[in-house]
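Both of the next two complexes hold chain A, though its partner changes from chain B to chain C.
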Partner chain A sequence: MFNKKKKEKQKKQQNDQQKKEAKKESKKEPISSNRYEFLQSLKEKLHSPSDLIIRYVSPTTTVIYVDNLVDISLLNEQVLKEVQNAKQGATPQDIHTNLKLPEVDVMDELNKTILEMLIGACIIHIEGFSEVVIAKISSIQSRGLSAPENESQVIGSQVGFNESIATNISLVRRYITNPDLCNEKFTLGHQTNTSLSLLYIHGIATEEQVNTVRQRITDLDIADIIDSAVLEGLIDDNSLSLFPQMLLTERPDRFCDGLLSGKVGILVNGSSMAILGPQSFIEFFQSREDQNLRWSIASFVRLLRFIAIFISIYLTPIYVATLTFHYEVIPQPLLVPLNESRAIVPFPPIIEALLLEIIIELLREAGAKLPTKVGQTIGIVGGIVIGTAAVQAGITSNILIIIVALGALSSFTTPNYMMGNAIRIIRFPIIILAGFWGYFGIMLAVCFIFTHLLRQTTLGAPYLAPFYPPRWKDWPDSIIRLPSTFLSRQGINNRNPQGNNQGENEGNNQKSEKKVTE
Partner chain B sequence: MKKVKQLLLILIFCSFLIGCTETKILERISLATLIGYDVANENDENVTATVIIRQVSPDNKSTLETQTNTEATNQGTRIKVNLQTAKKMLAGQTHTILFGKNLAERGLEEPLHGLMMNSELSSSIYLAVVDGDAKPLIEGNYKNITDIGQHVYNLIDHNVQRQHTVSSTLHEVVRNNYSPLRDLAIPIIKKEKDIIKINALAIFAGSKMVGQLTSEEAFYVIMLRDKFKAGALELKLPGDTLDQEKNTDEKLHVAIDSIQSKRTIKLVDKSTPEYDVEVDLACRIVELHSNANVGKPDVTKKLEKAIGKEIEKELKRIVKYTQEKNSDIFGFGDDYYASVRNSNLTEEKWNELYPNAKVNFKVNIEIVRNGVFE
Partner chain C sequence: MKETLHISNNQKINAFLLFFIVTATQIGVGIHGFQRVIYQDAKQDAWISVILSFLLAHIVVYIMMKTLDMYDSNDLYGIHIDIFGKYLGNFLNILYIFYCSSAFFVIVKNYTEVINTWVFPYLSSMFLCLSILSIIIYTFKGGFRVIIGICFFSFFFLLWIPPILIIPLKYSDLNYLLPILDNELKGILKGVMSMSFTIVGFEIINFVYPFLKNKTKYKRYVHLGMLFTLFLYLSIMFVSLTFFSGEQLMKTIWATLTLFGFIRLPFIERIEIITICLWMIIILPNLCLYMWAAYRGVQRMVNISVNKFLLIFSSIMFVSGIFINKRTDINLLNDWFGKYAFAVVFIYPFILFLCALLKRQIKKMQVSNSEKS
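On to the complex of A and B.
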């Protein structure tokens, strides 16, 4: 107890210190009008890095930038030329007006100036003025747009997000040309100052959910953020849960589809995955491609995926439970083959199943970490060699090989990697429970999973949405997909009263138009 | 913190509880697939059980063995059988249970009760009576039968599915046995050299076997007990049905199938008691040993009438036989109990009433199609 109090005290002190420091930083620091003083303070702040370049253009004018962050051709042709040609005694305002660049600014605050410079701006300081000109000529080095690797589709666009937030926003704007598309900019992380954008469509997204996301982002007090997946884990409703509550996607079409159905999206600089929410459990198993297919085919594919979840989660546990406890339920024709295949296996079914499942997981992990070409080979060789050898050595029964392979195959049908992970991990505790308590154990696990899923929310909306609470209107677009006349564009989870549901909201729109004319 | 402690406690208790579960790992047990019960001795209660046991040996072969033991209770026999087998014997894969004829005549009350109390056994297993003793049938050598347990089950199962014999699952038999006003009917199987066949239908009074009907007659039993979805029947009609010149003694053979029937039983008089039974039957003619044109409506009419008469005759005969044996396998008693208020019907009372009951039949035949000609 004593220790605890002590720790709490220490924590408080630390917090206080941090707050003080934060206050210090947020204080405005003026820019010195003296060149020497200005450069000194700049070097001090930046710890005089080797890539800081200072050019004395004239006795009064200095151009400062960080090497490799700025566009050299723009620097030469525009900035340096303009500065050299400037008349004696030109004010920063003059240079600001004369520079023929899209983004030029005048600033009188040191810290902000430094931040801008680190993003890729070029600073022009003129002796005698406590203001600097900031020419934003950053060169963004980014990978070209390529096809999304983790969420591939047969029909549909083949472009994925890349690591530059500017490119990603422009991609979204290309899909949705709409003045209502809102873009709010935030900066997160004391150390990294990562910029991120909150995107939603005004009038389609619900205000509450936008506010929730906005508040969660602004409330964050973190040191660094490297990838959007980290942010997703920080702002979703229950970070401890095995199941993701927001979608991570690298497909702009899926992202825009989400925005148009009233969801809220976040793009993080430096990450090729965008965050989308609210996302219910069912929606993780829907692919954007379903909308491109005929409704009957899309329904079939979706049903297939749902069957695949059950196969992947329950097939191995059922095998283990049946062979350990419930020999009564084995159908008569299957009895002899099953019995004979198990005859020489020295382990109880639970050990046998865990062994094989771990082998499969190893193969998968190895395949994912190795380069693509080697990975495929390893997968095939490992699968065939280990599979056949295990059966011949009498370590596993050949029926279990089929079952485990089927389970692994099924877990790949989930169109979202995060959810696929959850499904492939959740199998292990169920196998263990099945090996200990048989069908009773499996039912225990089912109950536990369902209570857990029922308790989850996604941005405050129910996670198991169209099924519990039952929302009949959303059922046509859940595990099946009916023709579009039966569907509503926005699910109830993310519905705005004046939203995007064309058929249903025609009445509403007319009313609002009338109001305007009155 | 409190929650975490509680969770930890639960987890610890759970992991200790794991030791309490009894595992029955498939290849480490031996499975009884067929059980036969016989009277061991005329004088005492002991029952001989013959069990077909399937086990698997480590060299990948699944083998069958037969064990026989005599004991008064099921559990007693099981202990004795376990003394003779290498692996723990379990009865959950049993699909058929056979009773020797002697045992059936002595009464199935105790064996049925024992089977019902055994939670291992599913209630959808089939029961059958063996003509003679069950032991020789189970132990017998058959040229073409490798797994007799599976063979007997399949034999009874497909005939029940095709409605060639009365369904005798444990559930149905026990239900009829517990009902005081309804008696059992269980198929009889018989070993004949290299084959096993469904020979007849045993009828019971109470739980004692009192008589038997042929397997052809089983058709009429099903017709009265249940409805037909797709039955088949062969009939001998009087020779002059279609051709006036022919003699009555010359038989006209006709086979019908795709039989769909529905019966309604109505209590007309509760003192006698008297029943009106109406059977609606639709069928298709498959075979007719005559050159008459069955496409003509009057020929069809004549045939319908004759078939109806023949079926009525058979039904009457069978019901009379059961009345002689005082075995109400059709459930007339249940019907009586259901339609007469405050009847206070007991088993004894019904046993007195049933032999004197009068049953009037009316069979309406409809020939829907008259065969497929190529």
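On to the complex of A and C.
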């Protein structure tokens, strides 16, 4: 039933799109051959901005561009020189052939011309012709490449994406020199006209998943895209879920690693975060660095991370549940220190825990929003001062401080910020459940989380992939990481022979894959 | 035979998942206190009853699978209609739906009772019922694959039981088992019958069958799954028989939980409290699969949407749960359900198999007759 509704929606969207396209075509405006009329219509369209520069080179030729968007030296040396030297009566075609620039075009449509000019093209109009020459000499302002700040790693490359899509694509192409690396361009948002690139490796990425992403991008009907995180929220499978279903990364090596294992990537202009999908739940807890380490150490680190997830989600709720309802579970030697530290605390455990958790969240949020230097100080001062003071004032117990701090510390070990957020938030409902119904409440939460994760998909592939549906061959690279002879390069979620994701011919796939990889 | 169910490929599951389905459905609330019931009949030979009951179960499941194999891809409901015609077939289907629903009800009731006795004496059983129902509905709405996923994960929540049973072994006395075969055969056989409440669950393959991807090699997984449950039940039975004296065992309703109560780890005591709460994820696949089986049957008879079915089903369960709360009532319910289950699961498959054979023979004869003429 739900599917039907979706289909109807899709149909409607398709109809709308067709209508829009039809409208656009009917709006196609010709370029006036008269200089005055052309300039007039141009100014009208652009609402005569102050940075629109119109230069009358000769009585018949005009050069128009938007200030600060074009490369001035190219403009001086190539465009203006060429136009001034042009013979009387030169046609746009002549100028087009004579200009010594890599990208030159001739256009006869006003709206497209304006768009090109806004990206950074210079327009040359000649009296008497209803065509203009477009010289693309845009200058892109972008910051230099720097180390990724949010996903740092000790061993491995220290370069991150920046905000320019051209730079980012060039970075990817330097990592993967391969004719099969496909790059599809899209423009999204009728207000911003943001350009974005869909990247995948032909032959490794599953055709079905590429189609899904392509379809979802083209189906979007939105006004603006400022950052890739917005796009990620719009095109993933279930945007209502707490858990992210696609990866946002600022590391080109992680991005390329994903592409090589058959994932589909998206780069958005103006955003230093690239999108990668499909991403299963387990992969959010794997870092690129694991592959750079020896297998035994990588396995240890991964196991540590999983213990950390467990601690950060369940430790505080277990404390609350145990002290509220199930104190008979605690052995006697442990009961004494617990009792001592809780003796002067006036609140029930649930209030105590929530209070402390909220303080920790406040510290974290304040540290994240402040400039780095101040943030660190605030973290230390706030943490120590509030922590000690809270215990001395008798608001919380020592042991709870340890537990909450441990939980917060553990949630930082998640290599992905979005997943770390999810883990941090999910603790609160579980604490409340534990405070009301003890272990039973915690178990309700466990069942709910399991079911929820089982219900999720990422680009149509199961979210809990190597575990359920069980794909034994991927288990060596999940919670642990065995030496590379045991691993297959591609996760089964992105394994080719199309469509059949958990197919009967799994064995055959594996053989062919080993040849392809490494 | 002709009638088949068409299930799209992305709904189907791998055959080896049957192992997890069978263990998940067999192990449920029965494990908490099956020792007393069997001990009443078979005394110290209760463990023989356990083995015999599994032997019987293997035979039954073999017959079930034989019956299913006669049809290409059909579940029990379809087979009923094919063999017995529309009216009698539908009547049998209703009986089976009733069986699935009562299994669901019995599990919920037993679990809430255990929680009420051991963990939260004053927590309203209505709330417990409601919270369990809401989780089940959420799982159920995820579809068949999510239900099987829960089966799969719940299996790993069982694995800690065998190693932890080593601890009470310290206090156990093997002499309690002797003399072996001191009782009449009748008592042991009676114990086999009492075991039926604990052992049922594998009949779910009647409904999962059409969802299997590879129908040639699935049998071994069913048998393997049952062997795993046998191992678990037998080890618990063994430890309880040697740990408790006969008198004690007669008085202990939830012997397994009492057994867990004696276990002390350096950082945890009274692990039965944790166990009981943990048991929720172990009964969850049970409940979901029985509900799902009931839904498949209802769906065949009347055109009903999932939401409507869930609403009606869970409100029936909830309302009938209000009336049965006392220990004696639940005991009666368990006894009655055990008998019903014994009839449905252990006896009926043989009848069905014979009927199916007859039907096939008659058809063959008809075909050959028409060819002759």
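General remarks:
The definition used in the following text is that the second predicted complex is superposed on the first by the 471 of 518 C-alpha atoms of A that agree within 3 Å, B and C clash if a C-alpha of one lies under 4 Å from a C-alpha of the other, contacts with A are read in each partner's own complex, and residues count from 1 in each chain.
Criterion: contacts are C-beta pairs under 8 Å (C-beta built on N, C-alpha and C of every residue); 3 or more make two chains touch, one makes a residue touch a chain.
Please read all numbers here as calculations on a predicted model, not as lab measurements.
In the model built by aligning both structures on chain A, chain B clashes with chain C. Looking at the shared chain after the overlay, A:E328 reaches both chain B and chain C.
After overlaying the two complexes on the shared chain, residue contacts for A:F186 are found with neither chain B nor chain C.
By the touch criterion defined above, A:Y175 lies against neither chain B nor chain C after alignment on the C-alpha atoms of chain A. Touched residues of chain A were counted for both chain B and chain C, and C has more of them. Of the two partner chains placed around the shared chain by superposition, chain C is the only one that A:T451 touches, whereas chain B remains out of contact. In the superposition on chain A, contact of A:P349 is made with chain B only, not with chain C.
After overlaying the two complexes on the shared chain, residue contacts for A:L464 are found with chain C alone; chain B is out of touch.
After overlaying the two complexes on the shared chain, residue contacts for A:V336 are found with chain B alone; chain C is out of touch.
By the touch criterion defined above, A:F428 lies against neither chain B nor chain C after alignment on the C-alpha atoms of chain A. Of the two partner chains placed around the shared chain by superposition, chain B and chain C are both touched by A:G438. Put simply, chain A uses residues 325-326, 328, 330, 437-438 to touch chain B in one complex and chain C in the other. Contact residues on chain B toward chain A in their complex (touch as defined above): 18, 21, 23-27, 29, 31, 54, 56-62, 90, 92-93, 95, 120, 122, 150, 153. Put simply, chain A touches chain B in their complex at residues 322-328, 330, 332, 335-336, 338-340, 342-345, 348-349, 436-438.
The part of chain C that touches chain A in the complex is made up of residues 9, 13-14, 16-17, 115, 119-120, 123, 128, 131, 135, 138-139, 142, 145-146, 149-150, 152-153, 213-214, 264, 266-271, 273-274, 277-278, 280-281, 284, 305. Listing the residues of chain A that touch chain C in their complex gives 1, 325-326, 328-331, 334, 437-440, 442-444, 446-448, 450-452, 454-455, 462, 464, 467-470, 500, 502, 504.
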